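Sharing a structure below in structure tokens format, with a few things to ask.
By letter and in written order, the chains are A, B, C and D; residue numbering begins at 1 in each of them.
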Amino acid sequence: MEPIITPIQVRYQETDQMGVVYHANYLVWFEIGRTALIEHLGLSYAEMEQAGVVSPVTHVEIDYLKPIRYGQPAYVKTWLEHYDGLRTSYRYQVIDQEEQVAVSGRTDHVVVDRERFKPLSIRRKFPEWHQRYQQLLKGE
Amino acid sequence: MEPIITPIQVRYQETDQMGVVYHANYLVWFEIGRTALIEHLGLSYAEMEQAGVVSPVTHVEIDYLKPIRYGQPAYVKTWLEHYDGLRTSYRYQVIDQEEQVAVSGRTDHVVVDRERFKPLSIRRKFPEWHQRYQQLLKGE
Amino acid sequence: MEPIITPIQVRYQETDQMGVVYHANYLVWFEIGRTALIEHLGLSYAEMEQAGVVSPVTHVEIDYLKPIRYGQPAYVKTWLEHYDGLRTSYRYQVIDQEEQVAVSGRTDHVVVDRERFKPLSIRRKFPEWHQRYQQLLKGE
Amino acid sequence: MEPIITPIQVRYQETDQMGVVYHANYLVWFEIGRTALIEHLGLSYAEMEQAGVVSPVTHVEIDYLKPIRYGQPAYVKTWLEHYDGLRTSYRYQVIDQEEQVAVSGRTDHVVVDRERFKPLSIRRKFPEWHQRYQQLLKGE
């Protein structure tokens, strides 16, 4: 698949006194990229939650190569790395103004019921999501 | 009433590239002070929410007199300013290492049902809260 | 002046367990609106900081009328309320999907030197900013 | 070495609409644990920064096993995993009210000059830090 491209305007609030974007905030940027990918597939995470289901993160990995600063343009590239009906892995790259990879990362997710956080099968509970994610993996 | 004193250790994440605590974060510190005041009264906001009720902020005012920096001790003074069975107003002062007021503020709150945000009477819905807040206002 | 309109896509990270945008985050949205207004004038806050000058907030007021939820479109209207060569006041309205005012607020700012937070005259230190802000107030 | 234990009181602001602590916030809790470890060694990160040096994160990994909720006690266990004079790795576990590991993670750090983010030798630039970290690794 082609990565989804999402432009980011650095918020002053996202900086810290090192003068760069605080490292935890890239997880928020990853979320913006992930949301854009889901919308690109014609799906809605807000609707999934209205069905009493949430999709928590189970694992993250991030490599920080270069700092991003306030006032500099940046964008996130997001793509699907793995999907097996239960677990979903996304990959991300934050690209800086020199078109270099500043940050790269990965997040893994499951879907669970909101009340007890018991894992659910995406395949059975959300067949439309299942179909779109399988197509995406195959590059359709 | 005696103000409730809550020590704060500045988190690096709370700073911005100005080298000081980002202005929105004092609202989080006010929340820490408010939580401490509620616990001091022997009440639990978590239990209120379990009853399907939440207490959103309806108004805030903040004056910023001096910046607070990472590595400097600070504390929040919190007290009840107003309570009438429907609305509650708290006052706050953030005190810096020189015992000077760095930030002062006020937040107003109502209680509403979680689903539709319809206002509720604290007096009727939570008589124990009502009693404690009235005592607090009278300085008992 | 015509208010500056800035669309906002609610971030999941901006919600709290009340199921709505956490109240402190509207200050971040105000900042996004303020940044857009400054850019609209052809000015750059990042460049001001490179000159060793920062512009801290001295006062905020916010009224919360309706909650904003994840998945709902919103935008910020930002305009200049007051400017006198030393102090600048901005006004904001967050507009929800029903075109109603969900949140309204105001922030006051000064400019100071980064090291000691000593107030500076915008008029003298940044004559271009001074001119543009005066024009904006007069509706030019 | 014995892990450093740091109690955490969940802030309402740290929750999201899933009703649990938002996943990025554990990086902030890790930072609280790391700061406590550094203070335990008699060192001061604030002083390091005053010398024009900062210590950015180069890599993070986090595993999320159980959610943490508002109103529940938690604490962070922090220990040093690796130190070689240039790179430092810390390990963390967030322990929930049932004494179970809710979140575990690791962060890697270097030290760089604040202006250009060029790597520096901790051994040469901060010999006291070097000595204390070496002793810590050896369990002294």
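The criterion applied here is as follows: a residue touches a chain if its C-beta (ideal position, glycine included) is under 8 Å from a C-beta of that chain, and two chains touch if they have at least 3 such contacts.
Quantities reported herein were computed from a predicted structural model and do not represent experimental measurements.
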Task: Far-end chain from chain C, centres as C-alpha averages - done: D
Open item on the list: Can you check whether chain B and chain D touch via the same residue numbers (shared by over half) or via different ones?
Closed with: same
Open item on the list: On a C-alpha centroid basis, what's the spacing between chain B and chain C, in Å?
Closed with: 24
Open item on the list: Nearest whole angstrom, what separates the Cα centre of chain B from the Cα centre of chain D?
Closed with: 28
Open item on the list: Suppose each chain is reduced to the average of its Cα coordinates; what separation in Å results between chain C and chain D?
Closed with: 34
Task: For chain A, residues that touch 2 or more chains besides their own - done: 12-13, 17-20, 24, 28, 70
TODO: Would you mind writing out the residues of chain B in touch with chain D in their complex?
DONE: 9, 11-13, 28, 31-32, 35, 44-46, 49, 70-71
- [ ] Please name which positions on chain A make contact with chain D in the complex.
- [x] 17-20, 23-25, 27-28, 49, 54, 56-64, 66-67, 114, 117
Task: Interface residues, chain A side, partner chain B - complex - done: 12-13, 15-20, 22, 24, 70
